[in-house]
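Notes for the one structure printed next.
The first chain written gets the first letter, and so on, giving A, B, C and D; residue counts start at 1 in each chain.
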């Protein structure tokens, strides 16, 4: 018997990292994605490599995950980031008061912080609202939201994984209580065929609930979109955050020749139908200009929505109350064998999500192979195409 | 649709004529390039015709002067006007391409084009009038 | 999805990494010179003389002028070089195989030499006729 | 908000299926609807088999290059109403093999870069700024080129000869010549100094018109030529 065959459904950052991890552990891997790779949520986020500071006060688990993965990604994907750190700026007295709790929490989570005075902040980032009272420097960074995950695909592909974009799962084939194959449609030729495997991994992100439903399991996923706005010009070099408990329009991420202002949060049923509420775009301009006044006059480039895959019970309404951590579900709990779901999380933690998933998969298959992705330097994204 | 390649095979070049001369939706510079190539072909043909016609000179005054008489026919003069346009345009755009192509003034290639082709058009009109009245 | 450029195309790219690209510079400079020489040629021949073209005798007298002789000779050389380089550029854009291109190169060199030789002969012959 | 029905005439092709054809879909659009969003709406509501490339939705990843009403554009930043046409024609990029519908195979694009035989594609550049935050050596940013292939699609010479290195690779070469950062740029200058290199360009400047990211490959090709011209003259007159 050859190596176990893992079939991954979903070609976003999570699927990419899972494919990479499992190929390194010696498994045969096939990944399918219904559209282009990273065309769901992955490529569409504001491109922040989290330091974890955003979650340090309220969601320590996420914060610790972030700083750990932040350090690892800098090591294994050099060149995919704009490593200019991030700044949390306090504008109101309330935010100044909050800063000590913020700094303490960051330190507890192992996030290096540096307090900067009003003058120091403006010397480094002259466009920031001159009314700011203080700033806290953290190791945030800008990532290339599409090319960084593509490096996982490139590396997995070169290590033997089969990556099939434009291939959509249409049905699951069961043998007894186990999933034994998936039926897929290749959209490049309109042909349907089956892919058999030993384990099927649902890495559908915001779409993972829909994939779970096809198997008859409940994945408690809440697609929670946010609106982002990109304007021309680098209004800052560091990532500028508002120093408060998270809220709307509280971050500006410089990216190439653009600045991306994010984001809002609500909850939808259908991750394919997010809409783009005009009032949210206005909100980005309004709150963004409190961080950097030039947002108001900067030339518009694009506005778009992306759906976060947040884990939570039905009934959540804004998504802000939901944790940003990730979870791997083994659906054997619901009497379905050979099917696991990895969801939640964020781009920063994609490698960690994959490690957890691969651990679950290996345990299920009785495979004693350690994770190697922490040190494995990824191929450049261009390697995906050659 | 003919210029799209519905195939996963390696890139197959399409008909060059379409690529050079289909200026629909293209910018001014493609038009300039297409016209440059068109006038180039015309001028090349003319150059060699011209050279061979000159051999009449060696054959003596009769053959040459009868050619000159033919060349003064209005239809021939019309061809001269077309030729003149080819010359002045190819010249003006050629100066631009030569300068820009050597990295001189490439940031202002559009201005260069309009100025040079503007001058060329003035020369053309003056020349055309001279051809018929001169 | 394993379809990239064919090996043949890549090899073609490698073998065609020749230096002839900078012939473009010759093309550009001959063109710039032609602006002056052709300008002089056209004005002298067609716009100065009453009626646009010289009769036989006028032509011979004109070519007898040594400055004109030099200009005409230069014009023949630069004009032919510029034109044939242009023809070559067009042929290259038609993707000839390496063999065809070699043939084209030699053909153009031959044709150019003949044309220039003919032009020079013509100029000298006319000057002789003018006495 | 104003809403209008717009017809999208979309290029359709499936491997092994019928010959390519255009299919028209009517989509309800508002002021914010981009061509990419409209195409996604078609996939969601009308035809689930329509495929296209897309990722970031703000002109930073370069995947959604396509031809909209004949012009090379990123679908994510073209608002439907700005086109001012009641029918929008959407086609895949030119000079690339079409895998299906609007999806082209990007392999040849990267092959051209790889034929340089040296690291050509830059991920990031360092910025010159005096006051840099503590702990950082210099601010850095990702390069402008987003590898979208629009310049290659727009280039009239690329259309006749795929062995031309093309605007994107030449522009990247100029970035290295301009800022070698320790690399020896000479072999690269030799590489572009060829019939298929920078001399092949016929100055149609379609690449500049098509570039959505401020790279302006045409200008960079001309800069390479200026550098090579200087080099040749120096050589001609004994340095």
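Side notes on the structure shown:
Keep in mind that, in the parts below, a contact is a pair of C-beta atoms (placed from the backbone, for glycine too) under 8 Å apart; a residue touches a chain by one contact, two chains touch by 3 or more.
None of the values given here were measured: they were computed from a predicted structure.
Contact tally for B-D versus A-D: the pair with more C-beta pairs in contact is A-D.
Farthest from chain A in terms of Cα centroid separation is C. Closest to the protein's overall CA centre, chain by chain, comes D. Chain B and chain D have centres, each the mean of its CA atoms, that are 31 Å apart.
Rounded to a whole number, the gap between the C-alpha centres of chain A and chain D is 26 angstrom. Centre-to-centre separation between chain B and chain C, using Cα means, comes to 15 Å.
The geometric centre of chain C is 37 Å away from that of chain D, both derived from CA atoms.
Multi-chain contact residues of chain A (touching two or more other chains) are listed as 385-386. Residues of chain B in contact with at least two other chains: 8-11, 13, 16, 20, 37, 97, 101-102. Those residues of chain C in touch with two or more other chains are numbered 1, 3-5, 9, 24-25, 93-95. Those residues of chain D that touch chain C in the complex are listed here as 97, 99, 105, 107-108, 110-112, 115, 157, 160-163, 165, 191, 193-200, 228-229, 232.
Here chain C touches chain D in the complex through residues 1, 3-5, 9-10, 12-14, 16-25, 92-95, going by the rule given at the top.
Only residues 11, 13, 15, 19-20, 22, 69-71, 91-92, 94-99, 105, 108, 154, 156-157, 159-162, 201-206, 209, 218-219, 222-227, 229 of chain D touch chain B when the two sit together in their complex.
Within the complex, the chain B residues that touch chain C are 8-11, 13, 16, 20, 37, 40-41, 43-44, 47-48, 51, 54-55, 57-58, 60-61, 64-65, 68, 71-72, 77, 87, 91, 94-95, 97-98, 101-102, 127, 130-131, 134.
Taken in their complex, chain A has these residues touching chain D: 35-39, 42-44, 47, 79-85, 87, 114, 123-124, 137, 142, 144-147, 166, 168, 185, 187-191, 228, 230, 234, 237-238, 254-258, 260, 272-273, 276, 278, 281, 301-304, 306, 380, 382, 385-386.
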